[in-house]
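What follows are several structures.
Here come two complexes built around chain A, the first alongside chain B, the second alongside chain C.
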Partner chain A sequence: MKLKRSLFVAMTAAPALMAVVLGGGYGLRAHQRIKSGRPDLGFVSCNHCHQKSLAKLPWAQLRPHHDSPGGMVLSPDGKRLFIALDDKDEVAEADVATLAVLRRAKVPGGPFGLALDGSGERLFVACSHVDQVAVLDTHDLAEKGRVIVGVRPTDIAFCQTRDGEHLVVTNSGSDDISVLTPSPLAEVARISGGREPYAVTVTDGGRRVYVANRMAVHDGVLATPASEVTVLDPANGHIVDRLALDSAHMAEGITAVPKKGWVLNSMIRVRNLVPITQVKDGWVMTSGLAISQADGAVTQVPLDEANAYFSDPSGVVASPDGRRAFVASGGSDVVTVVDLDWLESWLARASAAERGDAILDMAFSYHYVLARIPTGCNPKHLALSPDGSRLFVAERLDDGVLVVDSASLKPLGRIVLGDGGRDDPIRQGERVFTRARYTFQGGFDCRSCHADGHVDGLSYDFDGSGVGDNLLDNRSLCGVAGTEPFKWNGKNPTLQYQDGPRFARVLMRTDPIPDPQLDELATFILHLPPTRTVPWDQVGKPLTPAQQRGRDLFFATKRPNGTPIPRSRQCQVCHRPPLYTNRLIASVGTQGPRDPKEGFDTPHLIGVGASAPYLHDGRARTLEEIWTVYQVNDLHGVSSYWTKLQLNDMVEYLKTL
Partner chain B sequence: MTPKTCAWLLLGAATFLLAACHPESTQGSVVLTQVPSGVPASRDATVLDARYPHGSRVVLLSPPFGAQSLRVLSEGLEAAGDPCVSWDGRSVYFAGKGRDGQGWQIYKVAAGGGSPERVTEAPGGAMDPAVAAHDELVYSSPVPMAGQLWTSTEAPALYGMLPGKAPRRLTFGPDGAVNSTVLRDGRVLYVSAAARDNARSQPHLCLYTVNNDGTEVTAYAGQDDGVDAVRRPRELGDGRICFLASQAYGPGSAEWAEGVRSAAPFATRANLFPFPGRGCRSVEPTPEGELLVCADTSGVAGRSMTAHAALFRVAPGAVELGAPVFDDPEWNSIEATCIAHRDGPAGHTTAVMPGASQGTILCLNANDSSDPAANGSGSPAAHLRVTAIVGAGQLRVLGSVPVAPDGSVLVRLPAGVPLGFDTLDGADRVLRHQPPVVWLQPGENRACVGCHEPRNHSPRNVRPLAVQTDPVSLVLSGTNPSP
Partner chain C sequence: MKTHRSPRFAIILGLASALSHAQGNTPPAPAPGSGPLTIPVISRFENFGEKDGLPSHKVHCLLKASDGRLWIGTPNGLCVRQDNGTFRRFGTEDGLSHLTVLSIAEDPATGDLWIATLQGLTRLSGGKFTAFTQTNSGLPNNVVYGVAVAEGTVWAATAAGTGAYDLKAKAWKPYDQTNSVMNEPWCYAVAPGKGVIYLGVWAGGVVEHDPHTGSFKAYRDPDGEFHIAFAADSGPIVDVTSWVAYDQGILWQASYFGLARYNTNSATWRTWVQDKTPLLSNFINTIFAHGRLGWAATDRGVSVTDGDNWVNYLVDKDGHGVVQIYRPGKPTETRTMATALPDGFIMAVWADDHEAWFATSNGLSHGVFTLPADSPALTSNP
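Up next, the complex of A and B:
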């Protein structure tokens, strides 16, 4: 009897359960197809559309802060070193003789760039997190005032001009340069720079200021990119010249060379237009130094060697006698010592063609690289004592400053700022991110293309199935948590998959990053917050009318005449908030002649205003061009009814994401 | 103290003593190749029989380097030589000739001693062992007859063999690939001949590198300079690559040590030592930054004037060879290498697709060259003609592909054969000629800046026109004509 009953229950329950499962599955799939407007869609998980709240993502969580040294400046007497600690919102003062930290001052807003006035009594601080410049009294490190500048100021220089004192500030996030008066502290001009003005140096007794722009710009995805050196007169804020560093990007260090009239830029010479069939012989990128002479001539020379690379050149300083330069290589943990006298002699006799080709000769540096000084992890900013006897190297990921005798090139000691954060997996991951030893011959590291985790504005042709058929725009890593799958073809479910064996094969040409370090790397990347694209004082403010109109367009379901917009072509369906992606493959009519497939991963739009160029191969230089040049049959959103003003509104809205 | 504690203490002491006496406790020791003095080389035998005559042996020489501190590692073999220590310092590989008729093969023995284990079964023999990442054994095979190293019709090629796996052929050049060593960046550095048209002409030996999957064969140093014969390249710890140079081929007393700087290998060839270094037999780095040198004692104060090889230790900056640290009058000490743990070389994630029959070559600009055009013509290349060596050294034309207006060429070619390239003008006259010397591995995508472009040059950042279309495919067939 019992058996019979059980059999009956089983025979009725099983079909019922099957019906529920099948029916539920069918219903679920129907729901997905209707809501996405994609009848071709197979089964996808619910969280493609029903996403986590941003507050739950890793980058929104509290994380440890570290004493990472940023910009440094020495007092005029060379006895005190001021060090910006942006992650701790502090400025530290160290005694150069004892290498002891004398005191620390709280400077809210991510103090990163430092400059002293001629007397050494006022310390000017570029606060990159809050778009402000603060002034401190060096006697007590008390803050005396603040002024708003452009977005994400990274460096500041003090100039004694013919018209009095001025400050020049590089606003990396708004692509402009602020000119300030220090007394009263006020902005008197804001000038358009190149892309991402990052570092500044003063020449010619304060008559000229040279600004290094970190990122390259180009006239199209297949055009040769160039990074700009902006030359301006700090007295009136007028642009004097815009020098082009051909195929240079990550040009984030700049210094004037006394007695030679030169300006030196650290830079990466990139070969993004050449298919990445190999790493050796500088096929992907090489480190270099750009020499800008007084007559405007620019010559690039390599810092790498024929069989070894020194990646991520960053801080650069020149000795007071103009005979030597020191360049920090953040990815290789060395400072390279350059013989400027040899280069001066060579420049005097070299033909124009020889100067133009010098950067291509990997063995050329043998002539003028005098030494490589080993440092701690990720050397970035450099400073020289006024007499040139001591070199200070900010070891950013070791929380210290290495002090080197600039004559013997031997270390003299270390200013200890923090414990290095060895227990912090995010910090450990950042070390992996900036370490070039995972690449063949140390050619480059993750940061070489993703400064601060963001983009370099270039497209690269990876070695995929063939040669020349894989041209892809470099995507930002900032804010990618929760946006998996990764890669433009959407094939990589995790960052570990993306950056592991596949990267080793197509890019690094070595063994894959070991699993523990790969996990740390993924942890670091997942904790990278989205890039801020709006000024700090506008964060959280209501949208402007133009932005609101753009938002209405973004979420529009009907045209103005009432015609419904198909769901599959509504912006907010594929770019669904809060991540502004449904993480699915979509075809928007952008398949190129050598693209193997027509569908591409739908990118998230957080911080999209700062991540030009656009589309999978970077063919659209601006957000506007997505619709004005590369829109095909309204496949990428229905934009045919937009007026020019509406397009502007849409762009204004996108820049707020 | 309880009996239990006593037992633990005794066990600990025994473990400590066993560890101390264990054959692997060899740090600071040297592996040495000894060749009996006065034994003539076998005629009509292989190059290894000539180099390591009957009775040659590989021994472990422990501090303080006396005759009593020798332990034979090649026990039971007729002859042995060319030792190579694994990166972890635990094993020694060497070429040995057993009494089983297998000829010369690679053997492996624990660094502290033991019974040698044969690890290759290469037809025609194996020689010149080196160890790449992941304990991959690299060796050359077959072993040519004496005096025919560079004229043999079956030139020795490099092979790689991972533990427990079948060997894979790495090189396919028309000339031999020998004397391999593994660089810290993971590449295999070896000796071969510079490209030449006439296989019977005197070869100019120089250094090449190849990845440990056989991809990216590249000229490393010596292609354009120096004497014709080099051998035994080794990476030193100071950014130099050293090797033995001589006027004649093969080891002998007329060799001396030279070196190049890896920072500029084509511009820095020079003598390794500031003192006369003739009679050098081998140079190897030590972990302390010194060099272990096997050299003739002829001319050394207090030694006979007859050629006799002993072991020397040369400090950085030394102005003379000094006195030998080990010298056995019954034996010539011709090769020495330290036993030490060293950081292993970088690995290489292969892109080779074993099932594929072709690879792809991208030339960025066939007109980019250091050499003037052969006919003095200034006209640009219109076509690229590809040749290959097939069968028993027969040169065949695979076909021609058009050169894009910017000089770029993208072509798919057969893998595993030596490939040569000629650029032709519009009238099919040869502008530049490259005899077959490079090859492709299956599925390999590789590129070059130009044809005879300057060494160690990186490419210009220009998008080559040739990649806008699919590559032209050239194949080997029975109908490929001779040039």
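Up next, the complex of A and C:
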């Protein structure tokens, strides 16, 4: 009897269960197709649309903070070194003789760039996280005042101009340059720079300021990009010149060369339109120096050698006699010593063609590279004592400052700021991210294209055959947690898959990153927060009327005349909050002549205002162009009914994400 | 019996006495036309054409920048007169958005130039051109007639509204008939005033916009009649505004049907039409304001006025330059000049205390003044 009953239950329950499962499956698929407007959609997991809260993502969690040294400045007597610790919200003061840290001051807001006035009594701090410049009294490191500048200030310079004391600040997040008076501390001018003004130097006794802009811009996806060195008169904030660094970007360091009247900046000569398979021939990225002479001529020379590269050049300083320069290569853990006298004599006799070709000659650097000084992990900022005898190297991921005798080039010791964070997997992942050892002959590292995890504004030719072109826009890694799959074709389900063996074959051209390091790398990337696109003082504020109107358009389900907008073309269906992506492949009419098929991974829109250009191949230079130039039959959202004012409102809203 | 007078009465008496004394000692205001002529008179013209290196015989607009260089807009690109007197041309190959340049403005804060063209707005900064178009930015329309820069904002008058580009926020605010008092979006000109912006709106008169409060105010022709000014001195001459200009409290409205002047301090209008007043022609392409003078670029020459006195420059049928000087209450003085404007069709004027430049349909002209440049009469407030 019991057996009969059991059999009865099993025989009726099983089909019922199957019906429930099958019915549920069909129901689920129907639900997904209806809600997405995509009848072609196969089964996808629920969390494509029902996403987890941003607060649960890795980058939103508390994480360890480290004593990563940023900008540095020496006191006029050379006895004290001030070091910005942006991750700790501190400025440290060290004794140059004893290499001991004397004291630290709390400076909220991510202190990153430092400058001293002529007397050494006032220390000006560019606070990158809060868009402000603070002034400290160097006697007690007490903060005396603050002023708001542009977004994400990275560097600051003090100059004595014909109109008095001025400060010049590079605002990397708003593409502009602030000119301040130090007393009272106030902004007197805001000038448009290039893309991501990053480093600044003063020349000609305060008559000229040179700004290195980190990213390149281009006039079209197939055009050769160029970054800019902005030259301005610090007295009145007028732009004097905008020097073009052809096919160059990642200019993070700049310095004036005494006695020669030059300005040097570090840079990467990038050939993004060359198939990426050329990495092994050294033809995709060359680390180098750009020499800007007083007559306006700019010459690029390599730091790399034929079979060895020195990636991620950043901090650069010149000796007081103008005869040598020191350049930090953050990806190769090396500081290169450059003979400027040799370069000067060569420039005097070289033809224009020779100057233009120098950056292409991988054997050229042996003429002027005097030495390579090994450093700790990720050397970035440099400082030189006023007499030129001591070189200070900020080892950003080792939490210390290496001190080098500039005559013997031997290390003298280290200013220890922290423990290096080797038990922090995020920190370990950042080391992988910035290490060039995982690429062919150390040619580049992840950061070479993704500075601070973000974009470099370029499209790269990822054609695997080496003969075609398959331009793909470089996507930001900031805020990617939860947005898998990865890659524009959406084929890589995890970051480990993205950066694993296939990546090694296509891009790195060497052995894959070992699994433990790969996991650390993924951990680091997942903890990268979205890029902030609005000024700090506007974060969390209500939307402006224009932004609100744009938001209404974004979430519109009907046209103004009442006709429904198909669900598959409503912005908020594919770009579903809070990540602003449903992580599915979508066809929006943007297939190019060389794309094998239509349909690309829906990118997340958080931080989109700062990640130009747009679309899978970067053809849209601005957000407007997505709809004014590249919209096809309302396939990328229904926009045909928008007026120009409404398009403007939409763009204003997108810039708040 | 003593008579007591209150302290208040004494104060009033004292004030009245002082007032009458003051009035008795104040000289009466001079009658218009008396005293020296306060408008500079050009003694000769120096003309430049394609043979001198100009890229076109036609010149649309002019700007003398703060660095002293003269910038010239033509149908064939932008041109600058260099320190050695030669002309250098810039075209689309240099990054200019279109060859037809309609207006040029300088950002006083940075020295950057903003160039209005038929296909977008171009910024020239540090020798680099950057184009803003209706497809790559929030510029309302590619046809940009006029441009001005004030308080960190670039104002572009276009065929589909006016765009305000906040240079610090890098954000555009477009204005048209849907969000302002404009009755239609076709904007011909823009001029910064004292804390406000004046827009010359085709068939919309002059619109005054306060960007701080967001308010708009329209100045419309009170009689609403295009061809006849029924009521003189009552408002804009017509609603069809071809240009606006402002300096030292005076707003000028140019039209194809006459000239109007609005004193923003006294809130009073003056209007002029040809034949009935000394205005040379009703057809005014643009007007340039310097101090209290308005320089009207007409299809028959140049009229410059301070509202009472006039000096006209024209070219007679024999090609001779003629200057006419009108002063109220005095006979008109007409003189033939040794030199002449290259053409009577004047597109634009730029002038200061020392010189004047004219954009004509047949070249560029430089007018040299005879009145001493440091004469206080040229730059005194109205």
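Quick note on the criterion: the second predicted complex is superposed on the first by the 651 of 657 C-alpha atoms of A that agree within 3 Å, B and C clash if a C-alpha of one lies under 4 Å from a C-alpha of the other, contacts with A are read in each partner's own complex, and residues count from 1 in each chain.
We take it that a contact is a pair of C-beta atoms (placed from the backbone, for glycine too) under 8 Å apart; a residue touches a chain by one contact, two chains touch by 3 or more.
What you are looking at is a predicted structure, and each value in this text was computed from that prediction instead of being measured.
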| item | value |
| --- | --- |
| Touched partner set for A:I148, first chain B, second chain C, both or neither | neither |
| Superposed model, chain A: greater residue contact from chain B or chain C | B |
| Which of chain B and chain C A:R509 touches, first, second, both or neither | first |
| Partner chain(s) touched by A:L645 [first = chain B, second = chain C, both, neither] | second |
| Which of chain B and chain C A:L360 touches, first, second, both or neither | first |
| Touched partner set for A:A350, first chain B, second chain C, both or neither | neither |
| First, second, both or neither for A:S247, with chain B first and chain C second | first |
| Touched partner set for A:A235, first chain B, second chain C, both or neither | neither |
| Contact residues common to both interfaces of chain A (with chain B and with chain C) | none |
| Residue numbers on chain B that touch chain A, as the complex places them | 133, 185-186, 211, 216, 218, 261-268, 346-351, 360, 362, 364, 410, 445-447, 449, 454-464, 466-468, 470-471 |
| Complex contacts: residues of chain C adjacent to chain A | 109-112, 123, 125-128, 134-138, 140-141, 152, 160-161, 167-168, 170-174, 176, 178-179 |
| Residues of chain A that touch chain C when the two form their complex | 150, 174-176, 189-192, 228, 230-232, 236-242, 244, 546, 621-622, 624-625, 628-629, 643-645, 647-648, 651-652, 655 |
| Parts of chain A lying in touch with chain B, wherever the complex brings them together | 222, 224-225, 246-247, 269-275, 277-278, 280-283, 286, 305-308, 359-366, 369, 440-441, 461, 463, 466-469, 501, 504-506, 508-512, 593-594 |
